[in-house]
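Structures follow.
Shared between the two complexes below is chain A, which has chain B as its partner in the first and chain C in the second.
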Partner chain A sequence: MAATKKRTNPMLAALTTSALALPGLNVKADSAPEAASVGYRFYVYQEGDAPVDKLSSGSPERYSIYVNQFQLLAPLNESVSINFNYIQESMSGASPVGTEAGDGGESQLIMSAASIKESRRDVSSTVRWYAENGNLGMSVGVSNENDYDATYGGIDVERHFNKKNTSVKLASSVSSDTLSPTGRVDEQSKQFTQSKQSVSMVASITQLVSAQAMLQTGFGTTLLSGYLTDPYKALEGDVRPESKNQYTWSAGARIFFAAQDAAMHIGYRYYTDDWNINSHAVKLSWYQNIKYDIQLIPSLRYYVQTEAEFYDRYFTTARSDGFFSTDYRLSSYGAISAKLKYVQTLKRFSYTATIEWYDSSASYSYRNISFESPGLVNYVMFTTGLNFNF
Partner chain B sequence: MKTHSARFKVGLILLLGLLSGCVAVQPWEREYLTKPEMLWTTDSMEATLEEHVYFSKEASSGGSTSAGGGCGCN
Partner chain C sequence: MSSVKKDSLLKVFSFKAMGSPCKIHVYLSRQQELHVAQAAIQLVHQLEAKYSRYQSTSILSKMNKDGETTGLDNETIALLNYADIAFHNSDGLFDITTGVLRKAWNFKSQSIPTHELIESLMPYIGWQKIIREGASIIIPKGMQIDFGGIVKEYAADAVASYFLAHNVCHGLVDLGGDIRAIGPHPSGKPWQVGIRNPCTPKAAIAKIELSSGGVATSGNYERFISVNGHRYGHVLNPLTGWPVSGVSSVSVHADTCIVAGTASTIGLLKGPSEGKHWLNDLGVEYVLQEE
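Entry: the complex of A and B
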């Protein structure tokens, strides 16, 4: 066969080369980030006070939390990266213990004393290997509080198909937790200690649908076992099953609007479990690029859940299965969250500031809820932080 | 049970066939798709904290591919 020499259009060759040089466009292989980066965030989380007119006992001053968060991401070579994460939280304030019947039959809120002071430290690391058509990550972490310890780990693998138009991701994680509530002793007058475990699996698929849009959908399950009762609420009456099977279906879209130089994020998650809780969560974000490397990101999230089958605002007779709880988190309600984020990039630095308002209420549910838990939370969270790319 | 398994396999084959039949977006057409604001997680630090807050205040959680431990959050 005679060798033939193809003529190459220099302009086309230059355009193709420059296109392939764009991040993420390399169809040859996934690869580690080219340079290391560090990030820091400081969060101030403040819950609104409990309603005094519905307070049975305890302090109305709910939680204030300050959080420091650090992250380091570094390439070890072209095909391996590692990241470290550190979170330190300082908490103070009172929290809802449960609800009970008031004189008129209405539910009254039992709060803890305001003297709760706690801290939590969470350290985790992920190593990621990048290959011809995908990547694999392995992570481990520990979370410590004076009354709660968790050790967790996970593995995830992503594979691209169809010239990277389609990606499939599988992830699995486990956690082993130990509870040792302050001031609570067992029958031998030793520290009351319990444990619980969880195993999670998620499978998702991502598909490019046009030059400006992509879709993702996934299924997940988490199986929890062990002591799932809240050890502090148990003192006022709270007994939950020792297993919980959770299932989720999620879907999302990313759409770029070239004329506006903006991206829209849409996300939805349906949740159901064998405690009879169902929920829907919808989130919409708009990433607006503005001059001078500024980005403004308004987001809205709507959440609604049904109550657990063993939840009630108070109990006058025991349930036949022996389970009961007045925890507001297991009640029926809806929640609305609004967030505004500002990002400014200056060469290798980027500065970020975020404010989020979160409000929950029975009236936000699309269902007709007869009795709202007086323990429902609302909060404001401020975030500020820096990222630096080496 | 066999019927369910066969249906699942047929469904999977149809789904993969459908996806492979989607309009292929060529590498040089992905300028917008590769912008940082088009990532599924644009800020992994804030996403971790946000997930933790919702996990501790709401009854439902999950759907994320990242590992994490529980907490004694009240």
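Entry: the complex of A and C
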């Protein structure tokens, strides 16, 4: 047995230099995925029936939505990846058109007839470039429905600083949509067609504060313009402004608990727009690791919003600005949702299953809401998915 | 993040890959790092699928079968370059074409091949006979290459690099005895790596304290043929076609596991006296056990 101390030797230098040229020894955290993966996800979304006692017309059976999603992620080379996403959605059921005054002055729900059957297809692609300290993504997509077409695109850039303890992300996207509601014609008896545009910008910063904790905050704005009225609700009286400026601020923390082998994610989001809707959302999730291949994630979310300036459950006189809507989504309400997600990672597959219960009601608001919209929705959503890595 | 708090959790992932029991000991402090560990294990399986000579679909098997291959990927080219450097720095002792001799030497039997059989195979051995140009390789008919002495060591380095690139800085990767430190324990204490005694393989005869770099061992004691009291170990000299003798094992500590593995193999092939001399010259920490 013998041992010596290290010193430089040309043979060792040659071997070491050659070893360090191996790609596995030059890993960048921000590197393109090494292998292609395909994923499939199936969602079932079922809304609870509308309250029959508050129904003025239409069907109480609300939306059922089935979604098939396929995803392909493939590396093009060491620093570029491409992603394709295809979504096919089929919807059936009735949706709330608005509310009106009942005989006793109570608000009554107008539902559409139950015959709505629609399908939507969405195709999008993202190309992402990876560099030593960040990545850049560019995406485009189109979505088609028989009465709604959208074309969208976006660019995002993420940069890491401070030994990757700080990350800054900027993203911007635009969308141009065309609405051609079924059965609606304009003055010349041609298909009634309208358009709307949106521009979004988001900036966020993530900071690792210790090995166990990470903080994140972000600011976003979306400017919408064009025809923002719901074309089906418009028939029953729904006129909205032709612009909407939305602002969001979010903050969150992730804390890892080593003894429990779990992490807690806590997040808050504030939203405000110039239609006078303000909302607060708080979400708490617990990521529990079980062995190293299973993760169980229960989460709870609380949401509350104020109503739009021009919302009411019914109108007896016209508003001076000419805007009015009885859409439940613009009313004051609160919502609670509970979700349980299961993730299992096998050698080449990962499997996820999620169930979510969502319940909205005026009584969940911390504010005192005198009149609840009967259009408020409750739903159960089940998602299951499979991912395969090559 | 300069330090990891004491409550970060030491996790041990045990799995089987490359024909060996593998263990990754790593301190994880954030939930997301579990995915990093899973991806790191996946990396080992991917390298195995790519370079195993036991899998007919591996790139290596295809290269050997087709003889001529063009458009090799960067990783394969870099591994071949490494093998080339190792060959030229070992006077031809480190040779990834030696595997052909397995046709003659069966260490499950208790008989040795004839000299004629060995001599008939010698024309098919010799890295210098492999023709390489950029991303192309020509393996002459009857010859084979084998990354057996490189890929497991490289995988240990790649796993450690992967963790480090994702800010996981405390851990030890052990792929069937090819060991690479990701970094010391969070307290700064090094890992204790045992060097086995050939006579009592389960007991360690020496300990290397490892905070960084890799340790690899080449042993001649695990498989052997015993005929008329002479022991023929499984490490074959590519220049003679016959097992080397005199050294039962060499363990080397170097900056990377792949270099440690190459140095330990060359040290073993060179025999006790020249081996020590060569390892001393190389300037690495080593433990050489004579037979």
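As a convention for this text, the second predicted complex is superposed on the first by the 360 of 390 C-alpha atoms of A that agree within 3 Å, B and C clash if a C-alpha of one lies under 4 Å from a C-alpha of the other, contacts with A are read in each partner's own complex, and residues count from 1 in each chain.
The rule we apply is simple: a contact is a pair of C-beta atoms (placed from the backbone, for glycine too) under 8 Å apart; a residue touches a chain by one contact, two chains touch by 3 or more.
What you see is a predicted model; the values in this text were computed from it and never measured.
S.K.: If we overlay the two complexes on their shared chain A, which of chain B and chain C does A:78 touch? Say first, second, both or neither.
M.R.: Only chain C is touched by A:78; chain B is not.
S.K.: Now for A:303: first (chain B), second (chain C), both, or neither, which partner does it touch?
M.R.: Touch partner of A:303: chain B, not chain C.
S.K.: Looking at A:175 after the superposition, I want to know if it touches chain B, chain C, both of them or none. Which is it: first, second, both, neither?
M.R.: Touch partner of A:175: chain B, not chain C.
S.K.: Could you say whether A:109 touches chain B, chain C, both of them, or neither, answering first, second, both or neither?
M.R.: neither
S.K.: With both complexes superposed on chain A, which partner does A:369 reach: first (chain B), second (chain C), both or neither?
M.R.: Neither partner.
S.K.: For A:35, decide between first (touching chain B), second (touching chain C), both and neither.
M.R.: Second partner only, chain C.
S.K.: Under the stated touch criterion, name the partner, chain B or chain C, that contacts more residues in chain A.
M.R.: B
S.K.: Pick one for A:234: touches chain B only (first), chain C only (second), both, or neither.
M.R.: In the superposed model, A:234 contacts neither chain B nor chain C.
S.K.: Under the stated touch criterion, which partner chain does A:50 make contact with: chain B (first), chain C (second), both, or neither?
M.R.: It touches nothing on chain B or chain C.
S.K.: Just checking: does A:256 make contact with chain B only, chain C only, both, or neither of them? Give me first, second, both or neither.
M.R.: Both chain B and chain C are touched by A:256.
S.K.: Could you give the residue numbers on chain A that contact chain B in one complex and chain C in the other?
M.R.: 15-16, 19-20, 22-25, 27, 163-165, 208, 210-212, 214, 254, 256, 258, 262-263, 287, 289, 295
S.K.: Inside the complex, what are the residues of chain B that reach chain A?
M.R.: By the definition above, chain B touches chain A via 19-20, 22-35, 37-40, 42-46, 48-49, 53-54, 57-72, 74.
S.K.: Which chain A residues qualify as touching chain B in the complex?
M.R.: The touching residues are 15-16, 19-20, 22-25, 27, 39, 41, 43, 45, 63, 67, 69, 71, 85, 87, 95-96, 112, 116, 118, 120, 122, 124, 139, 141-143, 145, 147-148, 150-154, 156, 161-166, 169, 171, 173-175, 177, 179, 181, 196, 198, 200, 202, 204-212, 214, 216, 218, 220-222, 230, 232, 246, 248, 250, 252, 254, 256, 258, 262-263, 269, 271, 273, 275, 277, 279, 281, 287, 289, 295, 303, 305, 308, 329-330, 335, 341, 352, 354, 358, 360, 377, 379, 381, 383, 385.
S.K.: Per the contact definition, I'd like the list of chain A residues that touch chain C in the complex.
M.R.: For chain A paired with chain C, touching residues are 1-9, 11-12, 14-16, 18-29, 31, 34-35, 78, 163-165, 208, 210-212, 214, 254, 256, 258-259, 261-263, 287, 289, 292-293, 295, 345, 347, 389.
S.K.: Name, in rising order, each residue of chain C that touches chain A in their complex.
M.R.: Its residues touching chain A are 1, 3-5, 7-9, 11, 13, 28-32, 34, 37-38, 42-43, 45-47, 74-75, 78-79, 81-82, 85-86, 89, 154-155, 157-158, 161-162, 164-167, 206, 254-256, 258-259, 262-263, 276, 279-289.
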